[in-house]
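Chains: A, B, C, D, E and F, in written order; residue numbering restarts at 1 for each.
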Amino acid sequence: MTPLIEYDDASPEVRAVYDDIMATRKTDYINNLWKVIAHHPPTLQRTWERVKTMMGASGVLDPVTREMIYIAVSVTNNCEYCIATHTASARAKGMTDEMFGELMAIIGLANETNRLANGYRVQVDERYR
Amino acid sequence: MTPLIEYDDASPEVRAVYDDIMATRKTDYINNLWKVIAHHPPTLQRTWERVKTMMGASGVLDPVTREMIYIAVSVTNNCEYCIATHTASARAKGMTDEMFGELMAIIGLANETNRLANGYRVQVDERYR
Amino acid sequence: MTPLIEYDDASPEVRAVYDDIMATRKTDYINNLWKVIAHHPPTLQRTWERVKTMMGASGVLDPVTREMIYIAVSVTNNCEYCIATHTASARAKGMTDEMFGELMAIIGLANETNRLANGYRVQVDERYR
Amino acid sequence: MTPLIEYDDASPEVRAVYDDIMATRKTDYINNLWKVIAHHPPTLQRTWERVKTMMGASGVLDPVTREMIYIAVSVTNNCEYCIATHTASARAKGMTDEMFGELMAIIGLANETNRLANGYRVQVDERYR
Amino acid sequence: MTPLIEYDDASPEVRAVYDDIMATRKTDYINNLWKVIAHHPPTLQRTWERVKTMMGASGVLDPVTREMIYIAVSVTNNCEYCIATHTASARAKGMTDEMFGELMAIIGLANETNRLANGYRVQVDERYR
Amino acid sequence: MTPLIEYDDASPEVRAVYDDIMATRKTDYINNLWKVIAHHPPTLQRTWERVKTMMGASGVLDPVTREMIYIAVSVTNNCEYCIATHTASARAKGMTDEMFGELMAIIGLANETNRLANGYRVQVDERYR
């Protein structure tokens, strides 16, 4: 495991990102992901900038839908860290047990039918090209 | 490519599924996927039964959200057939260009951060276990 | 697409592999894969050596089972070339339509349940560790 | 980790599935997967129904072959839970060490050659289209 | 396929990115990828900004190594578009046939051994944790 | 987890590979991967032979570049064992923190752009076919 860079040991540029994370999320907790990618400050900055913009409230998709899309990708890729943290985020933003159950069922279905389409080598219908 | 089984050449059990697809979707068009997996009728029946139930209107998630979740999986797995057909379905159910743009951006972001979490071997935070 | 190296244009070391492929398979046809990886002779030699040994008749698994395992991987990874050629090989070695239908159904099921296990973060049972 | 729903805490519809699993498998043990997806009863029911049908003894493929196909997918997707449990099932149904060794070798080979075909962008031979 | 947004039809913000691409790369050619993601200008801007920074000449890794890493990911994911374009970029920056051959061989090897490690469920050695 | 086959319990053919690993790497330590795949000696022999040849110093790519390519694949596939051991190898061969940071950033970028290309269904430019 990559060691965590705690706030007190962080450089000023890393601290600035940590401060922005805490201010944006109204919390004093920094997830391990940020404390780890802080080993490469440009990655920390670029990733946070994009997560802040894309997973936030602005835009046309609502925050819970964004989290569910994120979970669909993470489950398909089997990223345990991402599944654990974004399931928590989604629940915090309003995802119910029933919504999670349907989300998982659709993820499972799509992963299955993707392989039926591949394995049978189905040609895209003229009208969907 | 697996040859298509057209309605006129289909067995009664396959025709019954085709009829249900057309009645449910209020169309006389059957997608190539169904005409191909019709080579194995139990797969046709089980798959249609589940798609009908899970991608329809009942349940707590709205139809457009279901389609976007389906697309997120299909893009991550790179199933061209599934991307083409479900993007069309999502648009038919109300997905706008702006929604599609945000969907794609989140899919891209998650696919990236999944690898940052894996590659840096980030440990799941105590609170998210 | 990478251009094909035809027999007449091949170096002696590449021709030796082509000769062995044709002798082993009792055919005068060389698949495109071999004609392409012939651009890097060590890869051609090592890959053919292993395919010859592992996909042949010796060992405890029968040749059709070997092909079906190969197809299961290729469908999951969505390698169109590998699906097309190994489905043809499997059929040549005795895979029937019914066997292919069951194979595809199991591939689909496993791809689905893999995601249910991941997404729900199911812990491995004590007895299976 | 998602908490397990034990038999005594389960709803009648969930218990009915648990009873069927135990009766079908002639055991009093329920795997963690079922106890977890029991959080969404429709997923529990549909998944069990399909596993029961597809991984059982009926059909043209023998039970060990079915398990090996399932393992091939699970290893390719890196689903630890599925690898652990289905390797145990396969062994219980007759998979020997030698069969497992060959299975793993073919899975490895296919995962390699899938990438050679992709990376060299090999065109599907006319005869396999 | 998503239609291309040509320079003459592009909005000023999209044109600004196109101009920067052409100036940075000293070419008057814009790849299809950019003309397609131009449908969502924030994605176009953010993606170009990052590609420009990360695939360029600054930093500690040389440009050819960067392209080969990019190819390794794209081949593993089977993104045909990315394989085609980045193989061309890598060659333009100095990748020889021999380098490409070794690159592909290592990609194949890693995809194989990844599955051996997964399938045999190898525990990480104490010293590498 | 598959049990380890220690040197003292190994058959002569397995010991011969262990001896070659230790001699080649100038160490008395054998990684768990080898001790596990030793359960199937032909896999042990073939895999070691290829790793020895391909990850060594001969050829046109330098050893650190080889390891970074290997890591790019392993991170994309999320093989924890392979990430842990090959990150250690890469560092032992000279990969610095800064190099690792750039490597991870490129892996993340490629995983993202692969999905943008797939999801938008971008057609390969005429000139890159």
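What we mean here is this: a contact is a pair of C-beta atoms (placed from the backbone, for glycine too) under 8 Å apart; a residue touches a chain by one contact, two chains touch by 3 or more.
Please read all numbers here as calculations on a predicted model, not as lab measurements.
**Q** Please identify each chain that touches chain B as well as chain E.
**A** In this structure, the chains that contact chain E and also chain B are A, C, D, F.
**Q** On a CA-centroid basis, which chain has its centre farthest from chain E's?
**A** Following the centroid criterion, the farthest chain would be D.
**Q** Once you find the CA centre of chain B and the CA centre of chain C, what distance in Å lies between them?
**A** Distance between chain centres, rounded to whole Å: 27 Å.
**Q** Centroid from C-alpha atoms only, then distance chain C to chain F, rounded to Å. What do you get?
**A** It comes to 22 Å between the two C-alpha centres.
**Q** For chain D, write out the residues touching at least two other chains, lowest number first.
**A** 1, 37, 39, 43, 46-47, 50, 76-80, 84, 98, 102, 104-105, 107-109, 111-116, 118, 120-121, 129
**Q** Line, ring, star, complete or other: which one describes how these chains touch?
**A** Here the contact pattern is complete, since every chain touches every other one.
**Q** Show me the residue ranges of chain C that touch chain E in the complex, using the header's touch definition.
**A** Those in contact with chain E are residues 37, 39-40, 42-43, 46-47, 77-79.
**Q** Any idea which chain B residues touch chain D in the complex?
**A** 1, 46, 50, 129
**Q** So in the complex, the part of chain B that touches chain F is made up of which residues?
**A** 71, 75-76, 78, 80, 83-84, 104, 107-109, 111-116, 118-121
**Q** Give every residue of chain D touching chain F within the complex, in rising order.
**A** Checking each residue of chain D against chain F gives 78, 97-98, 100-102, 104-105, 108.
**Q** Provide the residue numbers of chain A that touch chain B in the complex, in ascending order.
**A** 1-2, 29, 31-33, 36-37, 39, 43, 47, 50-51, 54-55, 59-61, 65-66, 68-70, 72-74, 76-77, 79-82, 84-85, 88, 96, 98-99, 102-103, 105-107, 109-118, 120-125, 127-129
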